[in-house]
Structures are given as structure tokens and as C-alpha cells.
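Please find the structures below.
You will see subunit A twice below: alongside subunit B first, and alongside subunit C after that.
This part shows the complex of A and B:
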């Protein structure tokens, strides 16, 4: 990174003045097509979102100016607050489970994922990353159905008493959705952490063992610091997946029962296209976009490489 | 330092096969991984067993059916018009990926190597979009695409996706180009090559691995895209396969065997591609996560 910046500052004076303003023009010509697509289909919609969020509009008729009252509604209406809360509860499942299991597996296997077995394991663990989330939702709706394989398993181990239709249960629907997300993200996190731990200098572990360090000490003082960056990546990716979830919830529960599994993405979709409350939907959308950035920035800051 | 570590562990195969180091040893480690693999594969296995049960019944979660109904796959294929969906998905991906990769690579090159004054801020603007949830802009996108007259056509999916992929494309390709030594382009400059020739004949060939990874990721994202199709395209047959699966669930939600057979068909293409090109896919997904 530092090298690259140095390279560029060396180069910049050499190229730009030569071409003069034409050189700059060529540079912008390379950037322009991408910037135009980004501007038209991302930046402009973001601005329109902010504008809509200040209106009361049913999407068809005339709109009226509402100022910030949509935002007040998003942040005070108990149902919308629950929807935002659901997203944060999903973080627990989408992030904590895959990262914890991934860390456990990585420290347990360290260098073992090589050869044919490693290839097969990598391929299998990555499959949830290549299938549509919708398919994962359908598969798990079936697994978690009242006569699905999850209940079959509980019956088998003598826990028949707790079986139920998990996704329709008021208490268990949200955790059940969380489990689906954890399944999707588990392989990715595990592979990232396993790849990361293999890069830690093995002599650090050897030295620690010579000093009689416990397994916990090794984990705390070698593995965790060594995997700082990878953990940061896992947490960032999974937190965004939780806060911005849509596909899985849409398919598995449709947000129910009640609004127990409704997440902001689904509520935006519903408000805008079913309830025709474009203004309120847009306010929620802006809140969601800001929330994601507010959550991701500290994660990045905490886990970036310390030099 | 990381490089040395990798080389060290590669040079000492003893580390890979046990010894005093690993806390659990090979067998324990493999047991954990195998358990994870079973958990990962279970949804597919139970879908498969359900897909073979007689159509319209409500089979138990996991049971090899006495009389496997392979016909269900044929029925699901026909009733969901999978052939047309495959074609539609392929057309959408074939339009999105090349355009998006090309203009993303150009912009990445522009920002990293040509670096016209002010492009630093434009780059920051792109990076800001990296965490954007698509739901955040889906509402205005609907009205924008409608105003452009693209609603309910494939363009309603294709054009916005190209825009939405730009932050990652530019970020990814800039990260590559920034690490290419300047001598390359200087040599070309001395030969009197134009910026385009330099880009196309010198830089793009070197960037091939980065470009391939980018293309793989964007293919997957496009193929599996769900939100844009269900909002912007009303006719399921003009959607991506993932988008159509939503409609398929609505239609067949109560017929578990057919729904499972249809889902398996819909997820088959990417899984097959993944297994064939697993090395490239795994590399792309791992790097993609790290850089994204």
C-alpha cells in the first residue's frame, strides 16, 4: 500500500504533465463509463431515496412534504423498532456462530487441510456460497418443517418433546432464520480463518509450547492476534449479511409470525410496493444504509492491521 | 514475513501430518471437518430424498423412498419452464459480466495508474458504495427504471446490476493495478503506445487472474440475484433463475416433492460450474471476501 502510493506519486508528475490536460482527459475517459453507471444506478437513487424519505407519497398520486416525520416514525413506531431490532438479533446468529465455530475449527486443525481431503473439504464447505440464498431458504424451510429432518433428529435422540414447526413458532422463528444464515456463512468464515491460521509462523506455536503455554494461552496470544485481519473480514461480511438480509427471510418466513422475523430489507419492500408508503419505506432505507456504515466503520477500524 | 511462513510450512511436510503441534491431531481435526461437511450437505440430501417422494405427498424429512419418483425432476423442469429460465439467466449474466468487468477494469486502471487530478475523491465515492445494501435503493430504482421504460424487461436487471457492481469492481481492480510495477507501462510508453494500447496490450494480459476472479464473483452474484428480479420484472420467465424460484415457491409451495426437485434443478448449474472450476472459485471467493 505504502509502496504503491509512492509508485504513483513518482509516476504522476512524469505522465500527467507530458500529456498535459490531454493526459488528464484520457484518465477521465477510462473512469467515465464506470462512473456513469455508478452515478445513474446508485448515486442518483441514493439521493432520490433521501428525497422520497421527506415526503408522504403513495407512488401514484401527488406527494406532500413531510419533513423529518418519516424518520421520527421509523425511530419511534414500535413495530419498526422491532424490525430494526430483529436485524441486530440476526447479527448474533449470522456473525457469532460462524466466527466462533470457524475459530474453533481453525485452531483445532491448523495445518491439516491439505491434500485431497483438504480439496474436498474446501469444495463442500463453499457450496452454500455458490447457491442462491433463495434455495438455501427453501431447503431449510423443509428441514425445519414439522416433519423435517431437524425434528426427525430430535425425535431420534429422545428430545421429541421440543419438536415443532420452527419457522412458524413465535419464540423460535427468528433463531431458526438465524441458523439458516449461520449455515450459509459458516463455510466461508471457516475457510477464511483456516487459510489465515496457516499463515501464522509455526515457530511461534513451537516457542509457546516450549514455554509450557496452555492451549488457551496460545489461542489468546498467538492465534487471535494473528487472525485479526481475517476475523475483521468475517465479522464485516457477516454483519452486513445480517443487517441487509432479505432473500432468506422472504422465502423462509415472509417476515412472520407477526413481524417476529421481519427485517428492514423486507419491511422496505413491503412498505414501498405493498402498502404504498414510499416515503416511510425510503426513510427506513436511509436509516438502514446509515446503520450499515456506522456498524462497519468501527469493525474495520478495530481489526485493521496494526503496524 | 507471511511469505516466509508459508514457505516454511510448505517445506516441512511433517507439520501437515501431525506430530506434537496440532492440539487435536489428524483424526480429531478430520472428524470436526467431516461433521461440518455433513451439516453443510444435509439440506441437499433431505431435499433430494423429498424430491423422490410421490408428487403431492408430505414425506418425512429423510427417508429413501420405496419407489423413487425420478419423474418429479422432469415435471418440475417442465412446469417451471426451466429451459427458458436457463436461457434468460444466461442472457442476463452474459450482458452484465463482460460489460461490468470491462468498465470496472478500465476505471480501476484509470484511478490507479492514470490518476487524473481529483480521481482520488472519485475513488472514495466508489468505495463508499461497497457496503450499500441493495434494499436501500430498490424503491427509487423501481421508479427510475420505470421512467426509462425498462420495467419488466431484462434491461431492468442488467443495467442497475452493472452500476451496483462498480464499487467492488473498481476497488478490486485498483488493488491489482496499484501493485503492478510502473516499469511495465513506462516501457510501453517509450514504444509510443497510446493509453488504450498500454491498457489493452500490456496491463489487461497481466491482470488476467484478477479479472477472472472478478468475473466469477459477478457471475455468481448475477445468477443468484433475487431482489432486483422480483421487484423490477413481473414476468418470472424474464428473470434470473433465483428470482423465478420465488415465483415457483408461490406456485408449488404446498407440493414439497416438486418444490424440492425444482430447487435442486435451479441450484444445479452454479454448483456444477463450481465443482468443475473449484480452484478458481475458491480463490475468488476467499480473495473476494478479504478485499470486499
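This part shows the complex of A and C:
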């Protein structure tokens, strides 16, 4: 005990009362660059946005105080509510599909596809993640055009009757945008889940097999619980990508046809720069931020590590 | 001592008089010292750059520092660029009302007097006039000038027209519709158009509005006159005709997913008979489909009636705090009056150069579509049928009014009446904010 204390005081002088404050200071110095960066580029802009959301301002001229009326407009304008609804529909495509397919691929790679084929599969699935969203949007716009490869494929297999300009169709534009998002995010989810599954102790699977567990049982009782944290990260990132989407929609559809694919990100941009309603745009941005937080907190809570 | 010397007095008076008259005569110019003009042009349109090259050739002390952006980017950036530390001497302006409201544009009234622009046909300058406070447009002080004056109508593919027996342009809307029906029956796409990301159907729609109603009333709406509405009986008739064209399959069924560039390549590729577009494409078509393209204005509803068309200046303004405002104004005047500049204006820009009425139009290749569009411009001037673009009524009426409403009409989600009601509601909402 004495030895230990002496040892500690020698090796770690920082715990002495005098060194403590210096230690804290050094700690602060270490996090200062990040903290300043975060403060200047995240916290301050958020506060400014909240302030703008209480104004009526065109971004250049004089502003007038409007209190909460911008928020009332955001929450009562049927079109803005439809725009928020579109974002939640995108969650199905941006989150459910990539996570489900990612889980399938991860299990398959663990079971059968290890070795070279598994590496190739992982690489191919991850490639969309490194392609800029704008490029992905343009490429998919061509593929989904009325003479694009998607329709050529349908013609080839005798489904010429269903071909159309997918991104301009009222029923299919949002799902088509969703497919682009799913394609982009699948790589990220697969990567995370494949890495996560490799972390699970193989002896668990061996024990389950010895006990006669089916593949489904293994997936349900070993893989899923073992991947809880990775699934949490995937769901969080993809839900935010869906709710705060902008690039893909802007490039692929511009929000049309009608307002069927308009998402909050696009509308915020339009309100600020086309309508020049900086106050209203900021109010919608703040509402979107609160919605994202409200959706993400339960996801974090549900997928946190259980002790 | 107190009595002034008469000789001295008269000398002084003469000096004063000559000073005053010199000031009145000497219009603003670029001087003789080196000037670097700070200008902000639109990407994809070579005209202003070509003009600036010619200007430097004629006035070697003036050079241009050119910055370019796409139209949509210009629309978003122009207020901030003009409010910045180094506001442009010349800037392509998508819309001017808001900029005038914020005091970002130079009032050009004194230049108009100095250069004699106030003697141009009033309609030429009307769209660039704004009342104090930014609204209404169409009256008040002058805040911008057009490099040229473009106009929309209907281009047609001559080979396809011959196939359906079209020997001359239609004289009424009914005749035009008859031609569309013939094309459809012959398996030819009657119209090539685009409707994404922003709608192109505003072109035929607005020209139909001018055919069935008073173009002045449409302008009143665009210029934000009090109580103006787009939802009028004649506009409804126009919109119903367009709706019928959609329902009759006169537009390709994928137009909601077709953008401008795609439509352009389809028309140049001979995939359809008509294209509703502006004369800024004349030069392009004369090259890409030489001899195979013609142009006519939207015909009136009844034979012999007046013609109307969407027609707008290629608007350029001067920053309120621009360093070389005089030189910029001199450039704008030079564009409208210099023989070489007017030639470039027509050859590269494809549109009427405007300017004083006593100047001749530059010669163009006989039989070219540019020749036809320039002639059509005279018809519109004679019929007093020029309308500003219905998409310019407010900053966002295009993106959030016309685009969703007309896309819905194409998709069968809305009828003509609802389309106009939606747009009017958006207009009222935007003006109330």
C-alpha cells in the first residue's frame, strides 16, 4: 500500500493537489483545438440559426423581430409538413434496406464467403461509399431516365410495359431516390457489420452448433445481440442521412415531381436562397435538428451496450 | 471697390456656362487610364465575354476580370456579392426587385439621360424599371439594361413538318393544335419539352395566355401590381388548352423526368416536330441543324389577331458601390449602339440587340432561323405583345409555384383550374411575407 502510494507519487506527480490543476490545464489544452473548432463551426452557428429563426430577414436588409411565428408557420403549413413526411419515408430506404442487406451479407461472409471472394464482395459493396453523392445522383439519374439502363433491362426481360421516367413519376420518384440512397449507404453498413461480426467470439457459434442450433438461431441469438452497437451506429448514421438528405434529391429530382421528393434540407436551402426568408429557413432547420435528435436518442438508448 | 468689373463678370459667366455645357455634353466614359472591370457573368452564355473582348480591342485601356456562375447560383449569390466589399461593376441579374429594395443596385436614371437611353422605345426599358422600395416593377427608376432582348416562340423541324404536310406556320391556335394532332397520328412526337428540375411548360403556357388574353394583364401580375391575379378566365382557357395537349399525348409522357439539355439533344436529333423555346438557341440551331429548322410565334386565338410572346432583356446591372460604374454604363451604351457590338449580339446571342430605333439591325444569313427570330421580334414590337417571364414574378414563384403545379398537371394530379389556383396562392403567400 505504502509502496503503491510512493510508486504512484513518483510516476504520476500530476495527482498531487498542486499538479492537479496543472494537469487539468494540460487536459484542456489538449482538447482546446477540437473544442474551439466545434464551438466556432457548430455551436455558434446553431445559436445564430436559433436567433435568425426568430426574425423576418432577407439576409441583407433590415430584420424585424417575429418571435415564434416562423415556427408556427413551419408546423402549420401543409406543404412543409408533407416535406417532413417525405424525409421519414426515406428512412425506410436509407436505413431499413441497407441495414437488412448489410446484416445478410455480414452473416454470409462469416459463414461461407471468407477468403478472397469475401474480400472482393466487401470491396464492391463499399465502393459506393467513396463516390461523391453528387456523382452518384447524376449517374443514377441517367440510369433511371426513360432510355436508361434500368428501362433497357426491363425491356430485355419483357417488362417493357412498366418502363417510365422513374424520377419524374409521381408514384415512383421517392422510392427511386430511396434506392439511390440505399445503394450509397449499403457499403457503410456492410463494412461496419462485417467488421463487427469478426469481433464476435467464434466459440459462441461452435457451442451453438454443438447444441444443434439452426442458422437462424445463430443469427437471432448470437449475431444480432453481438452486433447491437454496430447496428446502432448504422441506424443512427443512416437515419440522419435520410432526415437531413439534400445532395441526392437536389441532383436527381430537384424535389419533384410536384413536391413528392422535396425533403427538409432542400426546402431550407430554397427558403433561404430563393425565397430569401432566412428566418423561416432557420426555423425549419431548427425543427429538423430537434426531430433528428428526438429520433436518434431512442435509437442510442435501445442499442447501447447492456451490462 | 464693391462694384464688380463688368468685363470680369462676363468672363466668369462665360467660363461657368462652358463648364456647365461641357458637363452636359461629356457623357460618362472609361477615360484613358487603365481600368480593370470587375464583372460577374453567366456560365454557358459566351455573349458577354465575346463583347468584352471586342470592347478591349476598341478601348485597350479597359480589361475585364471575369467571374462566372450558373444562373441558379447567380440567383442565390447576387445579393451577397453585391453587398460585399468589392461589388461587381457589371453583373448578370436574374431578378432585380429584391436587390433594389436592399439598395444594392445603382440607379441608372442619370446615365439614361446622359446616353439618351430614355429615347429608346419605352417597352425596351420597362422590365428594368422598379418603383421605390422594390415593387411594383415596370415603372420608376431604371436599374439595369439588356445586352439584348430575347423572345420565345416555337421552333420546328422542317423535315418532320414536310412529312405531315405543314407548308406554312399556323395562323391560329386551332391550326397549331391540328398540326400537333397530325404529327401524333403520323407517329411523330408533336412537341419536345423538358419539365425537370424546373418546368419548361411555362413557355407554351405563357404564350397561350398571350394568345387568349391581354399580355398587359400578365405583365401586371409579373410586376406585382396591387390585386393582380394569374387566375383569370382567359388564363384558365390557356391552361386548359395546355392540359388538353398533355392529355392528348402531344408531349412525351416522360417530360417530368426530362431536363433542358436532354430536350435540346432530342430536338436537334430530330425526335420531335415542335420545341417551345427562346431565340437564344437560334445561333445554336443554325449550326446544329442548319437549314432544317424554322421558327414562328405562338399564333393568336383568332386569325389576324395580335401576337404576344414572352420576351425579356438579357439583364445586366451595376453594383451600387461599384468602383467603375461610369465605365460600366459606357459599356452598356456601347453594346446597344456600336456596330460591331450589335453584330456580335445577334451572331452569338441570337437575339435582337435593341438600342435606338434608327439603327439598322445587323445583317444575318438569309434563310437562317436567326433571321426568322429577329423578324418575329419586329412583329411582337408592332403588336405591343411583349411579356416578361411568368417565372420572374417573385424570387421563388418558379421553384415553388409553377414547377410543382405544372408537374402535377402533367402527372394528372391536378387540373388546369387547380394549377392556376395553386400558383396564385403561392404568389399571395410569398408577397405577404
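We adopt the following convention: the second predicted complex is superposed on the first by the 253 of 307 C-alpha atoms of A that agree within 3 Å, B and C clash if a C-alpha of one lies under 4 Å from a C-alpha of the other, contacts with A are read in each partner's own complex, and residues count from 1 in each chain.
Note that in this section a residue touches a chain if its C-beta (ideal position, glycine included) is under 8 Å from a C-beta of that chain, and two chains touch if they have at least 3 such contacts.
Since the structure is predicted, the reported quantities are computational estimates derived from the model, not experimental observations.
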First, second, both or neither for A:170, with subunit B first and subunit C second: second
Which of subunit B and subunit C A:124 touches, first, second, both or neither: first
Touched partner set for A:209, first subunit B, second subunit C, both or neither: first
Which partner reaches more residues of subunit A (counting touched residues only), subunit B or subunit C: B
Which superposed partner A:46 touches (first subunit B, second subunit C, both, neither): first
Partner chain in contact with A:94 - subunit B first, subunit C second, else both or neither: neither
First, second, both or neither for A:256, with subunit B first and subunit C second: second
Contacts of A:186 with subunit B and subunit C, given as first, second, both or neither: first
Partner chain in contact with A:246 - subunit B first, subunit C second, else both or neither: first
Which superposed partner A:276 touches (first subunit B, second subunit C, both, neither): second
Residues of subunit A that lie at the interface with subunit B and also at the interface with subunit C: 59, 145, 273
Subunit B partner contacts - residues on subunit A that touch it in the complex: 1, 4, 7-8, 10-12, 15-16, 23-31, 33-35, 37-46, 48-49, 52, 59, 101, 104-105, 107-115, 117, 119-136, 138-140, 142-143, 145, 147-152, 183, 186-188, 190-192, 195, 198-203, 205-206, 209, 215, 229-230, 233-234, 237, 240, 243-244, 246-247, 250-251, 264-265, 268-269, 272-273, 278, 281-282, 285-286, 288-289, 292-293, 296
Subunit C residues touching subunit A - in the complex, by the definition given at the top: 75-76, 79-80, 83, 98, 101-104, 195-198, 253-258, 262, 395-396, 399-400, 403-404, 407-408, 410-411, 413, 430, 433
Parts of subunit B lying in touch with subunit A, wherever the complex brings them together: 1-2, 4-6, 8-9, 12, 15-16, 20-24, 26, 28-30, 32-33, 36-37, 39-44, 46-47, 50, 58-62, 100, 103-104, 106-107, 109-117, 119, 122, 125-126, 128-129, 131-144, 159-160, 162-164, 166-167, 169-170, 178-179, 181-182, 189, 195, 199, 220, 223-224, 226-227, 231, 241-242, 245-246, 249, 256, 259-260, 263, 266-267, 270-271, 273-275, 278, 281-282, 285-286, 289-290, 292
For the subunit A and subunit C complex, residues of the former touching the latter: 56, 58-61, 144-146, 164-170, 253-259, 270, 273-277, 280
